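Next come the structures, one after another.
Each of the next two complexes has subunit A plus one other chain: subunit B in the first, subunit C in the second.
What follows is the complex of A and B.
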């Protein structure tokens, strides 16, 4: 039995480590005694919100997780879908918000590193990464530091790995000022038969630790950083931020894929949050086995490390493999070839206990499954927040809309607004082409990645408008989904599955938890309507600073499938004379819009409504026409409305358009309303009727808007702006803001 | 005709070079950096990436890899060697090409399609007419070419400048180099023309599905030339 803690000290330390007293009592009950210091650390990490999902787990059961393409749903390091021809795609999104708010470069870099490890752990070669970022407004120096640092960190890590960063999104809003969001998504490709799970088995098998040495970096990252709010002491938590070494990770990718390819491993897991403790206990719990680990065997980069420090260190670039003893030599030879350390640190046992030794001394002896599976599950209180009535009742009709002579100027201002302007400044810092799969480069609706040696491709998009979610979380979450669906549909892809990253405030506040529950519920309903399962994801709670929560931000990462990659479509207008058709129709939806923020500085009103049936039909119409090969461009309507959609397609194609809008709405509403369920497609004139017939057949409204051509965007009786001016507004903003302009 | 593509620890474009060469119908195989035998290879490519994490200095560690002594011997015997991006950096570190590559002037990593003007040169890897403009992606943090004045004179006099950063219409302006490179130099060769180093990535533009075909001649020319010999 390990040396147990003093009766007075133990509960105090438990609280200090972020546990509640009743959780401490439960640990005592499980062990039948007080815990040792190592045991208490291990429980405190594994039972933190970040690792255990103790507040969110029940709500997450609402998500549909099954479907014809699903090979692996939630619960493993990443979800996996089948994409045909024996190929499978693994993907997942994860947050690294709190570390990044303290040290943006390393926080973002290790966020990328962590999610990439989750992918190759499954046996898949990482082929792409995306991200979803939120910061405060860039007029503040601190926000510019965070933004520039995070972008540099994502690039610095991903570029070195040779994994292309192909897409993402970023919004700037005061709501994220004290708590930026860094969500990283990674995608991997593998043969179906190579799917590897992190399930330890085989009594007598060896635990092989591969990769970096273990230090004191990142101790308590999951508990004291990720599972608590920020206050004025946040800077003191800098030592809890891990430091990344992408070169080591690149070697790990190659070595692990070679080890798996040679069939030398029984299981593979990465060391992420809560380090060795979580990796080992989750592998043991899934396999129903015990483990016996000696921490003195773990290669250390600092002197005099305590057993508990070794067990919970979040030093990066480490993997834990389980293998049969006869394969040890061959496995270590592969590691050595790649210049990686590999050390046997323990064995698989039949005791069901996770035993940690320091040489001859036992320092922890825990029923293994209780770490991963027995964390308390809470039913947090919910209460509809009072702010909702106030913001929703904001009278949008009372706002003075731009006059008929101000429409062109308003469009230019919207194109230049931080949430709409071109993201080129960001993605030109990312290698987005390495691996030669990127068919559609960043800047279109979705990234398109071909699958070599097949006719297929996947399209990927990450989306969430936090402003909508703040105004109405159920609707906001649905809009995140339908926008992602439209984005991949514009590329010609049918949505197949999603991952999500649910970023919210403190779940112990009933108002915050209500928004979480509503968002999960809205997202679930959207997924069910589209028959698109959630196959992986991450919950990031406690995103608050000084008691102020961020906007509810349930980010969706959606993967769609294109059967014939030759038929994929981009957003840019192509040829003079092409017909421009809008699928869907425009209503007066100015609540939560960019226009409202621009002219009134307000975040108010009700966000656009969502008709899930209509959304599906609009996507289907676009996809079917693209599959027929008649669509030359496709671009959805989102922030800034139809006018921004048209302008972006003009800019990307470097060609103008002549548009006539016929409806009863006021011009400013026609142009800038953010009604959902709209996609603008272009075709050769002779194919326009085919698109119209498709819309009729799928029972959706459409409007023939005009023709591509000229050098200006001309919308009859409304505006007339040269494409060069549109481009100037769209392109210049981000760089100017970063330089403090 | 067989290309050999060296894998250093941290290389990350080796699969792309292999893919590009095979896509164009050529034979191509990997060479592990620890190997010391280049028998069976007719041309060697040092691919892009971050060999040894670019720690210390880009290419500074890779030049000591066992295979590099053989690459030097191969090059000195007239064997064709092309270094792309990190490969170019390694070739300068190994003194197979003069000069060095500094951090980009903007201190940022850059990745975008870049117009390049083909110069009249001795390069065996490229026979496009001088003045041709090709669009090839650049993708680097340290592509700011520099050398001393005397070397620059020699490069010019010997026809060793192969590619220069330019505007879409082919004009070479002071601001055309996205990384600040001296004299807009994007690629150079040795006097003999068999060793070629360039920052842009021709292997990324051979397949029309992915961003164009302007990189095709960077692989086909040397194959043709070797076939004629």
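What follows is the complex of A and C.
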């Protein structure tokens, strides 16, 4: 039995480590005695929100997780879908918000590294990464520092690793000033038969730790960073910053894929939050086995490390493999070939206990499954936040809309606004073409990646407009989904599955948890309507600073499948004379819009409504026309409305358009309303009727808007702006803001 | 002109990937006596005479070093 803590000290330490007293009592009950210091650390991390989802788990059960394409749903390191011809795609999104708020470069870099490990752990070769970022407004120096640092970190790590960063999104809003969001998504490709799970089995099998040495980095990271709000104390938490080493990660990818390819491993898991404790106990729990680990075997980078420090260290670039003893020599030879350390640190046992030794001394002896599975599950109280009535009742009609002579100028201002302007400054820092699978580069609606040796491709998009979610979380979450669906549809892809990263404030506040529950419920309903399951994801709570939660931000990462990669479509207008057709129709939807933020500085009103059936039909119409090979460009309407959509397609194609809008709405509403369910496609004139017939057949409204051509975007009776001016407004902003302009 | 030499290194406990790589590479080359390599950066700063140490420290804190993960040491240099 390990040396147990003093009766007085134990509960105090428990509370200091973030556990509640009831949780401490439960630990005592499980063990039948007081815990040792190592045991208490292990429980405190595994039972933190970050590792146990104790506040969110029940709500997450609402998500549909099964479907014809699903090979592996939530619960493993990443979800996996089948994409045909024996190929499978693994993907997942994860937050690294709190580490990035302290050290943006390393925080973002290690966020990318962590999610990439989750992918190759499954046996898939990482082929792309995306991100979803939120910062405060860039007029503040600290926000510029965070933004520049995070972008540099994502680029620095991804570029060194040789995995392309192919897409993403970023919003700037005061709501994220004290708590930026860094959500990283990674995608991997594998043969279906290579799917590997992190399930330990086989009594007598060895546990092999591969990769970097273990230091004190990120000690307590998961519990103290990801599960507590930020305040002044954050300064003291600085030394736990983890530093990433992308070159080591590259070696890990190659070595692990070779080990799996040679069938030398029984299981493989990465060391992420809560380090060795989490990785090992989850593997044991899934396999229903026990483990026996000796911490003195773990290669250490620092002197005098305590057993508990080794067990919870979050040093990066480490993997834990389970293998049969007869394969050890071959496995270590492969690791050595790649210049990687590999060390046997323990064995799989039949005791069901997770035993940690320091040489001959037992420092922890825990029923293994209780770490991963017995964390308390809470039913947090919910209460509809009081602010909702106030913001929703904001009378958008009372706002003076731009007059007919101000429409061109308003469009230019919208194109230059931080949330709409070109993201070129960001993605120019990323290597987005390495590996040569990237068919559509950043800047279009979705990234498109070829599946080598097949005719297919996948399209991927990450989306979430936090402003909508703040105004109405159920609707906002659905808009995140339908926008992602439209984005991949614009590339010609049918949505197949999503991953999500649910960023919210403190769940112990009933008003915050209500928004979480609403968002999960909205997202679930959207997924069910589209028959698109959630196959992986991550919850990041306690995103607050000084008591103010961020906007509810349920980021959706959606993967769609293109059957014929030759037919994929991009957003840029192509040829003079092409017909421009809008699928869907425009209503007066100015609540939560960019226009409202621009002219009134307000975030108010109700966000646009979502008709899930209509959304599917609009996507389907676009996809069917693209598959027929008649669509030359496709771009969806989102922030800034139709005018921004048209302008972006003009800018990308470097060609103008002549548009006539016929409806009964005021011009400013027609141009800038953010009604959902709209996609603008172009076709050769002779194919326009086919698009119209497709829309009729799918029972969706459409409008023939005009033709591509000229050097200006001309919308009859509304505006006439040269494409060069549109481009100047669209592309100059981000660089100017970053440089403090 | 006054000169300051500034040494920037990772804080104790922060992982130093270049150092760790060099350490292992040296050991692989047969220098088994190597037990640790730390790699940092060296900055030579020239400023007008009379610039205070505090002022230079401020520059380190704001730009030359990343105080979240790095330490810096400032040495005033007497020009020969």
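We take it that the second predicted complex is superposed on the first by the 741 of 741 C-alpha atoms of A that agree within 3 Å, B and C clash if a C-alpha of one lies under 4 Å from a C-alpha of the other, contacts with A are read in each partner's own complex, and residues count from 1 in each chain.
Heads up, the rule we're going with is that contacts are C-beta pairs under 8 Å (C-beta built on N, C-alpha and C of every residue); 3 or more make two chains touch, one makes a residue touch a chain.
Remember, predicted model here, so these are calculated numbers, not experimental data.
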item	value
Partners on subunit A (subunit B, subunit C) - clash or fit	fit
Touching partner for A:245 - first (subunit B), second (subunit C), both, neither	both
Touched partner set for A:217, first subunit B, second subunit C, both or neither	second
First, second, both or neither for A:709, with subunit B first and subunit C second	neither
Partner chain(s) touched by A:441 [first = subunit B, second = subunit C, both, neither]	first
First (subunit B), second (subunit C), both or neither touched by A:302	second
Which superposed partner A:102 touches (first subunit B, second subunit C, both, neither)	second
Winner by number of subunit A residues touched, once subunit B and subunit C are compared	B
After superposition on chain A, the shortest CA separation from subunit B to subunit C (Å)	5
Common ground on subunit A, meaning residues reached by subunit C in one complex and by subunit B in the other	245, 247-248, 339
Residues of subunit C defined as touching subunit A within the complex	10-11, 13-17, 20-21, 24, 66, 68-69
Partner subunit C, residues of subunit A touching it in the complex	102-103, 105-106, 212-213, 215-217, 238-239, 241-245, 247-248, 301-302, 315-316, 339
For the subunit B and subunit A complex, residues of the former touching the latter	9-10, 12-13, 15-16, 19-20, 34, 48-50, 52-55, 108-112, 137, 139, 141, 201, 203-204, 207, 209-211
Partner subunit B, residues of subunit A touching it in the complex	152, 155-156, 159-162, 245-248, 250-251, 337-339, 427-439, 441, 450, 452, 565-566
